[in-house]
Structures are given as structure tokens and as C-alpha cells.
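First chain written, first letter: the chains are A, B, C, D and E, and each begins at residue 1.
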Amino acid sequence: ERGADGNVKVLYSQAVSIMNAYLSSGTKDVEVGSIVLEPLAGFDEVGTMFPRLVTELPSLENGGIAEDLTSVTWKITPGLLWSDGTAFTADDVVFTAAYCMDPAGGCAQLAKYEGVQSVEAIDPLTVKVTFTGPKPNPLVAFVGAESPILQKAQFANCTGAAAPTCTEANFNPIGTGPFMVTDFKVNDSVEFVANPNYRDPAKPNFATLSVKGGGDAASAARAVMETGEFDYAWNTQINPELQAAMAAGGKGQFVTGFGTLVERIEMNMTDPSPDLPEGERSTAMHPHPILSDVNVRKALSMAIDRSLLVEVGYGASGRPTCNLVPAPAIYASPNTDCIAQDMDGAKALLDAAGWVVGADGVREKDGKRFKLLYQTSVNPVRQDFQALIKGWWNELGVEVELKTIDSGIFFGGDPGSPDTFQKFYADVEMYANNFPGTDPEPYIVAYTCDKAPKPESQWQGENINRFCDPVFDELAAKLITTKGEAERAAIVIRMNEMLTKDTYTIVPLVDRGRLSAHSNTLGGVVLNVWDSEMHNVQDWFRIK
Amino acid sequence: MLDAKPSVKLVTKLVEVKDLKMYFPIHTGLFRRHTGDVKAVDGINFDIYQGETLGLVGESGCGKSTVGRALLRLYELTAGSVTIEGEDIATLEPEALRKKRPMMQMVFQDPQACLNPRMTVAQIVSEPLDEHTDWSADQKLAKVYELMDAVGLNRVFANRYPHAFSGGQRQRIGIARALALNPKFIVCDEPIAALDVSIQAQVVNLLEDLQEKLGLTYLFISHDLSMVRHIADRVAVMYLGRIAEISPREPLYADPLHPYAKALLSAVPDPDPSREATRQRIILKGDVPSPSNPPKGCNFCTRCPEVIPICREVKPELAEVRPGRFVACHLVPAQNNNAAGSTSGTTVQKHNQQGEPEQ
Amino acid sequence: MPDGAKPVLDVRGLQTVFRTRGGDVHAVNSVSFHLEPGELLGVVGESGSGKSVTMMSLIGLLPMPPAEVREGEVLLGDMDILKISPAQLRDVRGRRIGFVFQDPMTSLNPVYNIGNQVMEPLRRHMGMNKAQAYTRAVELMELVGIPDPERRLKDYPHQFSGGMRQRVMIAIALACDPEVLIADEPTTALDVTIQAQIIELVKELRTKLGMAIVWITHDLGVIAGIADRVIVMYAGQVVEQAPVKELFANPQHPYTRALLKTIPSVTGERETRLKVIEGQPPILGAAPTACPFAPRCGHAFDRCGAENPIRRALGAGRVGYGHDVACHWDASKGAAHA
Amino acid sequence: MTDTAPLAKPRSQWADVWVQFKTHKGALVGLFVFVSLVLFVSVGPLIWAKDPTFINPDGATMIRTRNKPPSLEWPLGTDQLGRDMLARMMKGGQVSIAVGLTAMVISITLGTFVGVIAGYFKRLDNVLMRVTDLFLALPLLPLLLVMAMLFRDPLSKAFGTEGGTFLLIVVAIGLTSWMQAARVVRGEVLALKEREFVLAARSIGTPSRRMILRHILPNVMSPIMVAATLGIANAIITESALSFLGLGFPPDFPTWGRLLFDGAEYIQQFPERVIWPGVAISLTVLSVNYIGDGLRDALDPRIRGR
Amino acid sequence: MLTFTLRRLMFAIPTLLFISLLIFLLVDLAPGSPMSQIPLTVPPDVRLKIMEAMGVNEPVFVRYFLWLKQFFVVEPLVLWDHWFGTSYSDGMQRIVSWQSRSPVMDIIVERMPQTLTVIGTSYVLGVMIALPIGIYSAYRQYSWFDQIGTFIAMIGFSVPTFFTGLVLILVFAVNLQWFPSIYDTSLRVTDWDSFLAQARQMAMPVMVLALFNAAQISRYMRSSMLENLGADYVRTARAKGLSERIVVLKHVVRNSMIPVVTVIALGIPSIFGGAIITEQVFRVNGLGALLIGAIQGSDLPTVQTLTFIFAVLIVLFNLIADILYGMLDPRIRYD
């Protein structure tokens, strides 16, 4: 029964700064926003798409997707109401697209609308999305928590440059979700009450919901597992010992789900040497003096014991992987040959490559020392990984210098800073990345030659390693036009293996799961890594 | 005495002070505008002759120290000139002034405060040598020992710190420092005020001995009138930034002319109960006016027991009223009009330095 | 009692010691003196001779520790004020014994106005309410000769000159009509002209109020002018005691004599050379076993280095009354005392 | 007093200071503790010659040797990667104490310089004090980030990574913590300038430079000592904060601050891991504080003169 | 006094303008960009567009002058409108945070209550603990009380607050379950129960900060008391026969407070600056947390506005400290 279970308290270790996913793509903002704003369709916990505000998913079979893949037609569920009681219509969907695609708006989710030519309302309950060309994977816009529907009436005056001025609307959007905002404190807390006009009259079970933000993961976990102050804590990534100790406390439990997030080591294919003039460092002009050799990269990968890394750093919320695309299952390569550590093999490979152990135990070749600078962002687990991997590489005869950078700088992409991961002024670097939704296409095609960060592009670009292979570029071009899931999967697997197993340009380490915690009295929690963790708050209930 | 034993040689002026003014500006208001001055020294004239001791007395805050410091240009003068050995100190360039410093030195009031507590006696005494000579360390040490002998300090004390000395000994260190560069002129700013009676005598005797030996010239600032009587040849009485009277010692003590000098002298207690009981005192009423706002006319008019109306209107000038005696008072008419305003017009004869009669 | 009335204050064998890191400092050694009603007792001695410590020991104003009053009794009337409780002692301070300190510049609390500080003892001891205390404070200010008292009571100490501050201190000390006023070098920090004003004031008040006064100074000139009787202190001991005229006319102790000789005067013969007391004052340490003045004394002989002389009366009378001296040498005979 | 004491052989000022210092019990204990700590971190590694960053490359062994409680083999236990805590504490102490001392020296030097100049030269006073205000108002984090960005690479090039980082850290801490010292010193100098011995030196013709060196500086030692002791504590803790911004030493480089922070995560299971660095930092700060107390007393001529 | 105040205020304006420019350049130059909080999944071209929409790419001086105008013209107008119901500021661009797209001033106003209650209370409490401890330690110098006080103060200095905070949470929140470990900013005190809840959630952060503040201030108070206890006027007060309580509490304390009050006043801007670490540990989310979040997210308008307000407070309290000094000490008069 709606509202029967009182209040539920959720803790986000990063605080929410805005409820409108189009103005901030921060995960916490998107997820908490999804409690109020809903997309037309979402993903369930296994990554299958399902309709939310529409009667059915468009498909080739039901005609929702045009044969030539150039348009999609959505059929809105009749009788849907916004939380203010007005009717949800196709106009709202059309407006949402216009809102995000306005060039002056700085929409954070513009990628969702890539290739969209127009969105029109056929009738109040039918929306047609037309693309500029055939789109093999057309169900992107209005799907998933990143692309929710805004109410036209509320945001009509907030398009383009006016978008940031609508503070009231951005903080307290009118939505179709199970709750509505009653109080919003920037970067602090959000209070919700049940939406009286929610489409399922029996839901949500809770009358109110509060989201608190800030702090660190360990204390967030503690607030659920040990003190019991909160019902749910988001992303409680802590060390395995602490996980075990807290789980034994009996107040709550951890839930894990695996998505596409992979912790990896990226090899720099270009020379980052500080002796090079600025503008030539880490550019395609100078290949890397050591790492250009595939056997060297392979040896470095072989020296790593991924299982141990998982055990030390993640416990149940991680698993070793050799793939850049570990999921969904059909896109994942079966390759597991990197899992077993092979120190002797690695040494042999280096010996064969001409790197011989010198007097002080460090390998040399042509008078050049085997020395690597290994950088990553500040994070206790990453620092443990650095230390462990440095130990193994030392064993190989490689001298390693470690460097950590504040994540704000490392991931900030400021072209003025030498320490961004895109600039890659180091030999190897470690971080994690994933892709939204279930389609790896944009993720994998980013490794084409032209996407390498370089001074001319203000160091923007996703091909961090500066990997460049014409064969790969061709495959990428092919993938974009291929339809049919199986065919696409084959290409993705091939591309993935080119980057990992064939060339060791990218050395995947750990497939990182999502670890969240909820109290034993909170029922109905289903951890969903493909969409918002709040995707089913309406089903949560109090266990009495 | 002055008249009794005229000097045979013509004495030379060592220091000539002309219309010396030393104002400390007061800034007030939003823009820190210069709105007034503390007139610490307000236009004074006097000379000091080679080899004499000029006493400077007056009550606290009347500007005695300021005069002493201005004479050595430790302050930038507001107006006037100070000529020492023919050179005007007030306008010298910094480097020239530094060169001139060895010939004029100062002994300070508080023997504790004027010695750097973290330097040894040897360091303190040799500091002037460090600054003005390029002697070797040995030469300097030899000179330091010589100076310590001269002021009666045991050489063994050379490595001690000032705190380990008694007040009298500390004052000797200060004197040794002042003597290091063979000065001709020394300003003694209340050198005995902080000392015990029994020790005051030691220091005063030392100063006298040195004067005799080295032919020094002193400006001796003090408010202990009995000590001044002992050591000074001539005495200047100051009141509120101006000179009330300058006279040779004996006539002044016997017969002060300026009402303030009278009051001052009468206030000195006499260590003889019988005389003390019969003595007539002039007790001044009220407080000294603020030097930033001196009264119009004669600046003593607010407390003067003999005040007449003109005192409140017209500022009396310092004038020679008796031979060698200068007074700034309307009640003491000048005998010799052409000497008004300055001592420079007359030849003041020096009372015999060596020939002090041994009565 | 042979001499005069019963003393208001009678100090017997007072001994005060400072316990310091470098060992005990015997600052006051068996000091005895008495004070008769209406009398002005002068105390002279050079710096560090224990004048202030003696007076402050009487009413427990020394910081304890390090100070410690080891022996002696201090009779105020019939009460031994060294033995009474701290609370009783506080009733004595300010009420029966008034105190004026050496340095008028620092002895007043800079953050309270004069009125507040003058009224404090009145309200504490006399049980006056604010209005009464205020009226009395105005009277007191007039008594010590401060013009326009109503206005000046609202002023702060820094707005007063040194002489006026000393007058305020005197007003505070006189507030409760004490039997005894102890003035510790009240004029040392002041100018001669101001000093003359203060001395004049005390003389006047003494005749008006008739209290007994102890006046500490090292200026013999001041003593000569106002004291009835004088005690001379040296190194924590009383070395000579006599009526003022007698002392100046017929000093007995070599130290007193030397002291009298060192002072130049504004009148009389001018010395060509000042007399000095050679040597340095002694360092106070353990209780003296020899005459502390012996090292500087022209008459010292072997007994002086072996035995600390005790005070002996000259002529008739007893120690403390008339003329007495602590010296092995007999000045009148010009030989060692028997 | 000493005047009549038997004529002792002349002692240097520092000998006097030491004599006075010795009478301060707290300071002596502090000195003993501090010297022990310095010995522990400097001589200790020679005796206990384990590599503080050594991780057993064999995974199975490593797993077995992690998170060990104190034992004979690992007197202070091991950390989550099986590294020897004793060796880490020693190595960490070297860095922390070195950073603490050097950064303190820099900040004190700078603070003293600004304070003395502001106090001594009246014309510069206002300007310098406004600069001090400015530094107080500047947000430190961006300042540090900018400094790291601009100077980290050139310094690393010139002095090697560790040397460069060390320099960067100590300079950064020094540059951002001198203001307090400057204010205190300025106040002191203003008062000192009015003292007569400064006037005496002027009457001799001592120029400003020597006046400051000879007369002013030695006499502001006491407040400087106090600022110095507080400075060490501040520097050690700031250093640890810097490494969390990635501005500090490389991550495998233990320092007490970092050990404390890393250990905090494991406080419930292995509390000793925070206790070691926590106690070490507190002991250093406490001992330095007591030493400072003693030195201040010993340097104060009023006290020494007693 | 008035002219002194005016004069100082007048001089403060150029100083502050200069400080604001420096802060702006510094924050702008600092590495890091507002994009760092955005997941890597957002493609580079979208990032560039977002930055453009924020105005990040405008030349730095254009942005600085825009900020100046917004801070000194627009925001005061908004305030005016808010108070008097006028609408002069309509259509004017306020200072908007890059992170949350909301006016920075609104966020600051929103954060003020918890900052003032928690940090303010801890400061007041710290002062209230520190003063008696300082007074008694000095009055009984080298007693056991004094020694222990010194020891605790030193510990208070040397142990970082993240550590004390963590220990308190483990003891009081996890084991004893007395206090919540997380601060609820939406709690409104309306009755006794909510007051108790508020008191409980404030307990731990206030303890941590009060210990830190008290450690520092008690040291100042102690040394100031020691200086004054030996003063001549204390002897005078005793000679009047006043009781020890009055001598110490009336005469000594008032004088000793003179330097301490300025120390306390100069510490007040740090209340507004927030205690960054403590705020994070207990999720008080006050101004300190706002600033650190803004710096990490390179949210230049927020950082600039906040630090400038702190700079104003520092200058202002410097002045207040001087004025207080003059008021407490009649010897000092500023004209």
C-alpha cells in the first residue's frame, strides 16, 4: 500500500548537486534524478531493456523500428500523469529532445541524441524519432536513466542559454517517478515524498525518502552495516577485510553486481619523455622507446597476478579479467589466458626481446635502462595495486617509479595541466572505465587512430594509448554500419582482442562490480548496474 | 668663581645649537593628515665649549633626552642647526654622518636596557671598532682591554654577559663603549638615574676622571640637581621644550633667576634634618601642560607663582641678564639688550677647568 | 614601657626567605622594629637591601612560593598578623594597614577607571553601597588634592600623570582610615617638583588624620625632611635605628656614615670629589654568619668576618627605642666594642 | 650574583643555554625522546635492514604474510600487502622528520624575514602586513596545486624525483605557513626597536643590515623558537595531507602521515596500525614542544640570568 | 575610533580587490577542470560543449570582470529585491555554480545554519572550556592540573581531526550507539525531542573541534594570565584586602583577556571557513565542505565567491580585533 512503510534513508558518498541529468552527468546526479524523472524505457538487472512509460519496446517486428533503421516510433502508455496531475504527452518527449539538442544548452547527455535528426509528435501518445542515417542500435535516446523525460510546461523557459538559470526546476523537477522532491539542498541532501499520481496506485511503499550525500565509502558502509542509521548506501567500495568485518555485524548486507567497469593498465605507445619539446611529448611523432615492443608489453602483463589483486583490493566485488569489454555476455571475449601469472615466461620473453638483466638487477638494452613511470589517481586500492605490480615488475627486472595524481586533476582533462590521464606523461597508467547501457560500440570505436589525444585537439580524445592500426580502424567503420546483434558482437570481440590479447596495448586487470549495502530491514533491493541503482525504489519495502 | 678667576686662554665652542626644533608629528583623521605636533623641543639655542660640562636639568618629559638625541642626530631635526666642530650635523649625508659619529658619542640612562643582553662585554665594547676601523681582531681586543682598564672593569669580565653585572658596572660598560673611538663630545643622558646612591658616586667620579684625562666635553642630562651641581660647569634648565635659564653653576644654585629654576631648586630635599626643617619650599601647583598643546605666551605661565598678565600673551626670549647668565622670563629684565636671543654675541669665559680651587 | 605609648605595629625577629633554583635567598634577617601612634618611621638602605620585602612580608603580599616567612611575629595591636587566617588577613589589608607602592605607573589596573579602584576597598571593608562609596571617593580625591574629582573618577589611570597616580594610590591606601600607612618609595619614580608635592601632601595628611606611617626610601634628603625616626637597612638586616636628628648628627654604623657622605647637596660646600662606598653590595644567600658590610667596611677587623653583630642600644634605653646599631666597632670610642 | 663568584673560564652563550636547559625536566625528557626518535629512524634501518617497500612477489606467500600482528619476525606486524611495519615506520620517520624540520626552517626563515623587515622598516610595514593578510586569505589548495603544476617537473628534473618532491613539499609548506611567525616577530621587533641598545647602536653608526643581524635577530629568538616548535607539528601533518592530493611523495614512499591515514581504514581490525604512526607523530610534536619550552626559557636572559 | 575604523575600511577595499584578482587567477590557473566530476563515458565533444555553455572558455579577464559585476552589483540587488519585494535584479545573471547550476549565494545561505551551529558552537564551547582551563593552569602554574592541561593541549594540537573524528565515531556511534555518525541537515528543532536529536547529532563534531580550539586558546590564555599575575596592580588589589577570587577574576582576567580576545576574534573567520575535515567526516556539509567540493570540482565561481567572502571576513575581523583591543584596553585609542 502506498506510503505504508514510512521513511527510507539512502546514503550517497558523493552528494547530489542537481536533479536534472541533462545538466550534470555525474552518476549520483543521474541516479538520484531517476527517482523523479523517468525515461521511456530502462534496463533491468541483467541488462535487458524494458518499457517504462511506453506500452511496448519498439522493434523491427512490431514496426516500432523502421526497416531501414532510420526511425523509431514510441507508443506512450495512455493515462500517464505528471506528479502535478497534468497529462504526460508526446509533446513532453519532443520538448526533451529539443532541450538537450539545443546547441547553447551545454547538454551533458548530448551523446544520447547523436544521429537524431528530428523528434516529432505524431499524436499525443506517439513519438517518432528520425535519424540522419541508418542506426543499427536506435534505442538510445529516451532509454536509461541518463535520458529521462522532462515536463515541457516546467522547462519551457529553460532552453538553451537559460538552462542553468532555472534553478527551481533543476532542483525540483516534476516527474513521473514514484517520488517527488520536497526539499533540495545542493551537495547535501534531498527529501522526497511519494508521488500521489504515480501510475501504480499501490506504490511506492514508502511515504518519504531521504537521500544524504557526502563523506567516504567506508563510513557510508558503516552507517548501514554497523550503526544502522541508513537503509541503503550507494557504492560502498571498501577493502575486503572491512567488508567481511562489517558483513559479520548482522545489521545489513552487501549486494554486488557486475557491469562493464574494467580496471586496466594502459600502455603508452608514444614517448612521454620530458626531454622532448612540449607539444611532442606523448604524441605519435615519437614511438615509445621500450613499450613499442609487443613482447615487452606482454611480459609486463604476464607478471601480474590478477587474482591476487582482486583478493587484496576488491574481494567479492571484483573478478580478474582479460577483456576490455567484459559484458554483456555476447560481447565478451572468452579469452582468459592472462589470468595465470607466469613470471618465468615473462622473464624469458624479455630476455628474448634483448632486455638483459644488468648489474643492479635492472634490465638494459643498448645501454637503455628498463624504467617505467606508472601513474594513477589517488585511491587506496589503486595505491595497493601500484605497490603490488611494482613488486612484480621489479622481480622482472624493471625499475618502476610510481606517481599518484588527485583524481580531480587526473580526470579533469584540463589541457593546461601535465597530469591528466589524456596527456599521459607517463609510461603506463591505471584507471577504470566503462560504457553506459549495453551497447559497447561508442566505447570500442574510440580506439581509432584519429581519436588519440594530441595538442591540436587540446588533448581531448579517448584513444588514450595512442593505439593506431588501420585494420582496427576498418573494423570500427564496419561496426558502425552493421546490424544484427551476433554480427556486431563478433566484430566487438575481435576489436577487443586486438587491443588486449593481441597487442597488450590495454592490460585489463579487474572487472569491477558495484558494491552497495542495504540494511536487513529494507526489502526489494535489486542491484542494477546497467541502469540507475534507484531503478526500482517503488518496489522497496520495509521488512517488519 | 667665574668672575673670580678669569681664564687666560680663549675657549672655543665645540657645539653650537641654533634654534633647534624637534617636533613629533601627530596624524589624525581619515587621511592621516598632519594635524599637530608634540613639540618636544621648541626652538632652543645654546653652545657647549671645548672641555666643559653642560648640565641639562628639567622635569620628566620636558625634552631633555630629545635634545641629547637630536644633537647626535639620532632623530631627523625639524628645524635648526647643530654645528659640531664647524660641521652642521643636521644636514650631513648619511655616509658623512657615519664618518662623523666617532667624535660624538652617548651614554644612556638605563644601563640594563642600553646593552644588548645577548652580547658579551667584549663584543659590546668592540662594536664601534667593528664599525669604524679595519683593525685585526687582536688589535681590537687590545683596545677593548685598554678601555676596560680605563673605566675600571676587570679584564676577566670580557666574556661575560651584561646580566652578570651590577648597575654601576653596566654603566661602565656603556661608558667604555662610548669611549672606544676617542670621541670629543659625549652626551650623558641621565647616566646615574637608574643607579643606587652609593654607586652613583662611583660613576660620576669616573666621568670626571675621564674628562680630566682625555679632555672630553659632556652634555650631562639629569634631573638630580645635586649631582648636576657637582659635575657641571654650566647648567641649562629646561621646561616644556624650551630653555628657561642657562647659567654658570654657582650663580644658578646660589641665586636662580627664572621662577621655574627657583621652584626646582627649592624642591630638592636636603639630607640635613635641621636645615630641611627650616627650608622654604616653593610647591608648584598643577601639572605640566601637554607638549602637543603648549600654553600661549610663556610656557610656564600656567604654574608660575609669580605670573603677570604679559606672561600669558608674549613668549619671553632667552636673553643675557647678567654676565654669562641667560634667562627667558619677563620678570628678569635684560641688562644688556643687544645680547637677546642668543649666546653667540658675547664671549663667555670659561671657568678654569683644571684650576678648581681646593678649598 | 619606657618610651611612649603602646606601639601600633610591633615587628619582632622577622625572617623572610626566597626559595629559588639557585638555593635559598635570605632577603630579610631577624628584622625588628616598632611603630608608635602618629609616628613617621623612615626606612633607608640601598637597592636590594630588603626594604620592600620586609614590608610586604608583614601583610602577606609576597608571592608564596617562592617567598616564605620563616620566623617572627608582627603584632598589630594585640593580634599577630602572621598567624591569622588568610581571610582575617584580608580584613586587615586595606582596612587597618594601607599600602602605597613604589611605581605609580604600574600599580593601578589599567583597564578600570579610577573611581572603580578607589571605591573597591570602601565597598569591601566599610560595607558601603555604591552611592556612599562614590561620595567617599570624591572626598578622598579632594583630600589628596586632585581637582575636579567627579570628572576624574571616570578617567582611566593612563590619563593621569605619575604624580596624580601616586595621589590616587594614596587615596586608596587612606580610604578606610587605616591605623598604619606603609609607603614604599612613593616618590622614587617621580620628579623633584612632583616629589615635593607628594611629601607636602603626606605631611599635611599626617597632621590631619594622625596615622602612623612607614616611609621607605633610599633618598636621605627625603628622610631628613619628614621622618621622626629612621631605621637603616643593609643586606636584609637593620643596622642602625635612631631618631632622625640623632642619626644625621651622630651616625654610628660605618655604612650609615658612608651613605651620608656619598650624597652631594644643592647647598653647602661643593665637594671636589664625591665620596664612594667601595665594593659591591653583598649577594643575599644563606643566612649571614659574618657582618655583611665587612668586605666594604674601613673599620672591619677579624671579628667582623666571623660573627654577625647584633643590635645594641647606645646609652640608656633598649634596642628599638632611642639609638641602636649593629656593629662590632664602637664609633664613639673609635675602637672595637666590648 | 655572578659578580663575586670565582672567576670561571669564559663560556660561550650556548654553554649557558645548555646549563639552563638542563634544569628544565620536561625539556630534557623531550630532548631524550626526540633524539631517540631520530636515532630510531636514522640508525634503526641499519640494524633492522628490511626493505620497507618489499612485497613478496609470490602471491601465496604474500597472502600469508599480510596483516600480521606484532611478532618476533615483524615486531610491529605487517600491513595489508605484507610489508614490514617496523621498516615502514623507520623509513616514514626519516621523511616525516626531515620534512618537518626543513619546512619549519623555511617557514620560520620566511616569517622572521618578513616580520623583521616589517617591524624594522616602518615604510614597508603596511605593505608587508597586507601581504600577510593576503596569504592568510588565499585558498591553500589551489595554491599548492598551482605550485605543483608549475614546479614539480623542473624540480624533479634537477634533483631527481624524490629530491624534487621533497623540495616542492617543504617549500610549499613553508610558503603557506609563515604568516603566524611573521606577525609574532613583527610585534616583537616593534617593541625591540624602542629599546635603548638599538639606539645605542645607532649612535655608533651601525647600518641597518648589521643592526638587524647583530641586535634584532638574536633578541627575537624566543618567539621564533615557539613558532618553530608549532611549525614542526604542522609540517608533519600537512605533509600527510599533501600526499592525499597526490602532491606528496610517490605512493610507495611511506611517511608517518600516510601510514596514519592508510591505517585509519583498518582501525577496527588492526588498531595497532594507526597507533604506531599516531604515537610517533604525537611523540615528535610533544617532545619538540617541550624542547621548545625549555629552549625558550634557556634563551630568555631574564630567566637565564636568575 | 570612528575615523580609525573608516580609514581601515577604506584601505581594505583596494586590498580586497587585489586579493580577489589573485584568487581568481590562482583558481583559474590551478590544474583540474569542471569536467573532472563527469564520467569518462561522456565523449570529448560533448564535454567541450558543456564547457562552452558554462562560459569556461571566455578569456580570464572577461570572466573576472563579469564576476566583479555580479558580486558587487547583481547580488546586492538580489538581496535588495528579496528584502523589499522590488525587482531591479530581474534578468540579471547571478553568480552561478558550475557544478549545481544554482546561484552560489543561495547555496551559501543554505549552508550557513549548520556551519554556524556546529562550528560556531564548537568554537564557543572551545573558548568556554579554554578560558577556565587557561586561567586555572596559570594560577596554579606547574601544578598537576597545569601539567595535564599542557599534555592534553599538545595532543589536541598534534592529532589530526580526521583521526579523532574516526575514533569518536567508532566509540560513540558504533559501539555505544549514543550519537549518530551522520549529521542530518534537514532536522528542524521544533520541540524537545528534535532538540535532543539536534544536540546528539552535534555532539561528536562539536567535541572534535572544541578539543582542537580549546587546546589552542587555553595556551594563549595561560601565557597571558602568567604575564599579568605578576603585575604590580595585582599586588595593589591584594593590598586592598580583596579576596583571591575577585583579584583573579576581576583584575587579572580582564587584563589577560586583551590579547586573547584578539586571538579569539581572529579565529572567527575560520568558523565561516568551516572545519573542512570535520565537516566531511561527519557529513555536516557546511561551508567548508562546500569549498572543498568546489575546489575539487574546479567550480571557479563558487571557489572564488567563497574565498573572497573569507578574505572579507579575515580583513573585517582583523579590524574588529583591533577595535576590541581598543575597547578593552583604555590605553589604546585609535584616532
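Convention: a residue touches a chain if its C-beta (ideal position, glycine included) is under 8 Å from a C-beta of that chain, and two chains touch if they have at least 3 such contacts.
Keep in mind it's a predicted model, so treat the numbers as computed, not measured.
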Handout entry: Path length in steps (a step moves to a chain that is touched) from chain A to chain E
Key = 1
Exercise for the section: Write out the two chains that share the greatest number of C-beta pairs in contact. Expected result: A-E
Completion exercise
Separation of the C-alpha centres, chain A versus chain B, in whole Å, is 88
Problem - Interchain centroid distance [CA atoms averaged], chain C/chain D, Å - result: 53
Practice task
Please report how many Å separate the Cα centroid of chain A from that of chain C, as a whole number.
Solution key: 90
Fill in the blank from the handout: Note: chain B residues in touch with at least two other chains are 166
Practice task
Mark out which residues of chain E touch at least two other chains, giving numbers and ranges.
Solution key: 29, 31-32, 295
Practice task
Could you list the positions in chain D whose residues touch two or more of the other chains?
Solution key: 1, 3, 145, 149, 268
Problem - Residue ranges of chain A in contact with chain E within the complex - result: 11, 15, 17-18, 23-27, 103-111, 161, 163-165, 167, 170-171, 183, 185-189, 191, 210, 212-216, 219, 222-223, 226-227, 229-230, 406-414, 416-420, 431, 433-436, 442-443, 446, 457-458, 460-462
Completion exercise
Residue positions on chain B within touch of chain C in the complex are 59-60, 166-168, 196-198, 200-202, 204-205, 208, 223, 225-227, 229-230, 253, 263-277, 281, 283-284, 287-288, 356, 358-359
Practice task
Using the touch definition up top, name the residues of chain D that touch chain B in the complex.
Solution key: 1-3, 7, 10-11, 13, 16, 195-197, 199-207, 210, 214-215, 218-219, 301, 304-305
Exercise for the section: Could you please specify the touching residues of chain E with respect to chain C in the complex? Expected result: 230-233, 235-243, 251, 254-255, 258, 328-331
Handout entry: Touching residues on chain E, where the partner in the complex is chain D
Key = 15, 18-19, 22-23, 26-27, 29-32, 151, 154-155, 157-160, 162-163, 166-167, 170, 291-292, 295, 303, 307, 310-311, 314-315, 318
